[in-house]
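The chains carry the letters A, B, C and D, assigned in the order they are written, with residues numbered from 1 in each.
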Amino acid sequence: MTGADASPTAILLIACPDRRGLVARTAEFVAARNGNIVHADHHIDLSTGLFLMRLEWELSGFELGRDEIDTGFAPLAEEIGADWSLHFSDTRARLAVFVSRQEHCLSDLLLRQRVDELRCELALVLGNHPDLEALAHSFGAAFHHVPTEAGDRAAAEPRQLDLLREHGVDVLVLAKYMQVLSPAFLRAFEQEVSPRQLRHAGRHRIINIHHSFLPAFAGANPYRQAFERGVKIIGATAHYVTEELDAGPIIEQDTVRISHRDTVDDLVRKGRDLERVVLARAVRSHLENRVLVHGNRTSVFE
Amino acid sequence: MTGADASPTAILLIACPDRRGLVARTAEFVAARNGNIVHADHHIDLSTGLFLMRLEWELSGFELGRDEIDTGFAPLAEEIGADWSLHFSDTRARLAVFVSRQEHCLSDLLLRQRVDELRCELALVLGNHPDLEALAHSFGAAFHHVPTEAGDRAAAEPRQLDLLREHGVDVLVLAKYMQVLSPAFLRAFEQEVSPRQLRHAGRHRIINIHHSFLPAFAGANPYRQAFERGVKIIGATAHYVTEELDAGPIIEQDTVRISHRDTVDDLVRKGRDLERVVLARAVRSHLENRVLVHGNRTSVFE
Amino acid sequence: MTGADASPTAILLIACPDRRGLVARTAEFVAARNGNIVHADHHIDLSTGLFLMRLEWELSGFELGRDEIDTGFAPLAEEIGADWSLHFSDTRARLAVFVSRQEHCLSDLLLRQRVDELRCELALVLGNHPDLEALAHSFGAAFHHVPTEAGDRAAAEPRQLDLLREHGVDVLVLAKYMQVLSPAFLRAFEQEVSPRQLRHAGRHRIINIHHSFLPAFAGANPYRQAFERGVKIIGATAHYVTEELDAGPIIEQDTVRISHRDTVDDLVRKGRDLERVVLARAVRSHLENRVLVHGNRTSVFE
Amino acid sequence: MTGADASPTAILLIACPDRRGLVARTAEFVAARNGNIVHADHHIDLSTGLFLMRLEWELSGFELGRDEIDTGFAPLAEEIGADWSLHFSDTRARLAVFVSRQEHCLSDLLLRQRVDELRCELALVLGNHPDLEALAHSFGAAFHHVPTEAGDRAAAEPRQLDLLREHGVDVLVLAKYMQVLSPAFLRAFEQEVSPRQLRHAGRHRIINIHHSFLPAFAGANPYRQAFERGVKIIGATAHYVTEELDAGPIIEQDTVRISHRDTVDDLVRKGRDLERVVLARAVRSHLENRVLVHGNRTSVFE
């Protein structure tokens, strides 16, 4: 991974139909304006014929100002039929974390943010239970308690959206939130909340951690399901949230071996270590603009 | 793992309702007859209240002859309500391998058997295509071609059973066989073929390798399914075959990381390395009588 | 892992020359006094001829009181020439954590202790820098700052030992402490500090996390060493501290894949996730009395 | 990985001092001549300031013939100070495998070559013992027995080099060869044997599998060393051979967990599964021209 912290960079994520000359054309767009490319990676998805690319270059010395790059790149993008988005390495996304009662994923994110592993500002923590308020506060993070008792999701979601708007949230992380967000909520967050991010990247900005190796054990109680099926390995999956439960594009997964000695409680405990690492890796990749979604699949550039 | 090869051992696999004194009672059964225990491992499945044990001791010096152990242990087994089976480390199971056209799992088993990793005799290889005959022969293994064209499973299975009977087969390994065995076949192999193995162990003697991390991607074309779902890790599963497809007790699983660069063909290739190792581990555990099935779960003692 | 929390258990760790009847004799010691064994595992180290066992049974219903078990077991122990130690599952060890400036291992231990993953009380955190005082306090843990500037280890160690004595510390965890403890300190902590733990278990009560896959890259700057050697995988090692630097008995290790894109800083970041998990697993195994040291090797019973 | 088999491609491996415009310049070299890039990946090694790139494009439609590319690229290469090599995806390297008595790595390579996982021709197998002759022959591979008794390495090596010359060998794989090659042999194979491969790629064409996680346990008997050190994980390392034993650039490594129950023999057995997979991955990467050596490190492009 290139150390993007030294000097700010611009990042283009590009998806378009594959054809001759795309690497050269896009690299030339940067080089002709005196940009120094620090990361250029692409691959061609043979199943769809899509050319998928991540291009990163230093802003220092580049002949276009930040505000001019969009306009500068648009003609080429149109010519090649690209779905694309532009990002800057020194833009810190504003993150909201939705939690319930379990603390391990939230505390993990808080710790990583404190040692600057995550390129973001932690705008607020929002719990449907008040349990983790003290934890959030001990890291200097704002905490709001919005209960979601059975039946009142209708009441909770507008309040949640208001808070996301107030805090200018770009990215939402469900850190063991254990609640399903309504399609209306998803659309509202996607379309209204944050006009700063348009196009591609704006469409997938909610990351969930599911405590199984999806698509195995979707739905409730995956560790109990895993125990009852008698698997020898358990997993965790970080994915973007879509309207179809547990079926959004997968960003990261990992697994760990278990044995017949492990009870459901042991699976839960071992799973916690997986969940927090998998979620952290996914959030980090997203915040570094390394994730390109095409269809229901992701390319995660390294 | 204790080196059981030095001198022959007896192995008891025991499952019974948990209660006070079982470890001492069973160990005492061996010790009182001057047996030297080389492996004793048990655990209690809290979800069912079952006590599950593997007990292995040297036959040398043991006061009961091989033929007397069954009778000798029966009273205790009855008292504690045990489902149990008795095995001897120097009994080499007679293995049949069912194959189709892919060679990697068969060649792996042949190689391991040649360097004596597997405690078995390879009685025959049975292919529904003739492709692997030369491979089998190059290792000195018998090969029979029994076609299973669409619709004639009814014709193939009696022929297969005849061959298994003729060769005195104890254990059947489906090494990328790609065909579903009928319930009638399963019952016939279980009940009729090999009267040498009674009770517990006799009930699960067919091992299949499935090219996915079950229960994800059961059924056909799991690598394509995995590709389309966009998973970041693929797996393989070795399990006992039951009447319900891909749903039998799991013996062993393993996983490997993939990336967005991998095509379906790459998954197939990477999967081959998983499949053969996972299958070999499962077969080895089975042949060393380390697998105890309870309900749809296995305890694999190490 | 058996759920020892339901009712208190006694645990015997036993090492003795292998001979006939040891499993039965030890199990019988428990069963004859009406003890219910919940975990009995042993193995025979063929390289040394040692019989190594962990035996755990419920105190409820056992005919000997806690104070009588030592005396009750001593005659058998003497007869079989055993090196042994006795533990109780409801005894919470008193833990001290030595830290320097890095917080990830300390915060990980604090979080696990809060959700009750670790069977211990956190007696104190002792830093040679003051940086982590606020973190410790936010979890309600005592913190002491004992500087160890170049040359004054002689001054720091008596102060450290005094604090360990004051707080009745049983187990010392070096959580990225980055300092070498003197042989005099090791002997003092072993012999004087905590007379509650005698015999075997008393001899290894200091656990260190080393940021490499030992024995590769012992000494300073292992991530830089790993980068320069061009390895494709990095690791972390938790081990008991002995007088020989980085050479004590290994309790737990794990590894993670890296790529040519990773800088030394990336290795440090990826290594942090390994270090905290590996250290936590080792501390947990130690606190549950699952680790039996023989020579420079450990058996970790599961 | 892009499927290069569909139509032949050219591959450039480039290492040069990093500077502005390298991605664009190299891509432009291809695009200006109507080449379609199917893989372009680079990274910058910050520790040395080197720009390291792999560039692959379809020959179909490219305006330069195969013989003209060298000359065509040379001016740009000279300008940017590049160390570089040119390869074609449909050139099948001629492989020699040196073996001793153990068959698992050789049989693995033979099997993979048969199912076309490896882009090579197997020119010959050369054993210092005759044991594996039958195995080689059963796959249709030539086998030569050149003994290397104590003291007569001087006699064996000229004979080995003659055979390599006769068979036009490009790449040499030491598949558990267990012998050290002399510096004179290394230089002779590098410089004389195969003039077809010049520059960069010609310098590293001997691949060894070492049965440990280097740099841990270099030298003899690594599994015994690992057992005695009491590690919890073992590994295998594939590396290029250099004059310094076990110290050449690492291409691939992998690890597997072991337990205290494993004897040295168990480590050897588990290690075999690692060795063959790690060696096969390294050979495959080399044959697909994905490995770029710089100093004592490798970049393995995926």
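The rule is short, and it goes like this: a residue touches a chain if its C-beta (ideal position, glycine included) is under 8 Å from a C-beta of that chain, and two chains touch if they have at least 3 such contacts.
It should be emphasised that the depicted structure is a prediction, and the values quoted were computed from it without experimental measurement.
Matching B-C against the pairs in B-D, A-D or A-B identifies A-D as its interface repeat (over half of contact pairs the same by residue number). Using the mean of the Cα atoms as each chain's centre, the chain most removed from chain D is C. Taking the mean of the C-alpha atoms as each chain's centre, chain C and chain D sit 42 Å apart. Separating the CA-averaged centres of chain A and chain C is a span of 37 Å. The residues of chain B that reach two or more other chains are 2-3, 43, 46, 259, 261, 263, listed in rising order.
By the touch criterion given at the top, residues 1-3, 103-104, 107, 111, 114-115, 117, 138, 259, 261-263, 265-266, 269, 273, 277, 280, 302 of chain C touch chain A in their complex.
Per the touch definition, chain B reaches chain A in the complex via residues 43, 45-47, 52, 213-217, 227-233, 235, 249-255, 259-261, 263-264, 296-300. By the touch criterion stated above, chain B contacts chain C in their complex at residues 2-3, 20-25, 27-28, 30-32, 34-44, 46, 61, 257.
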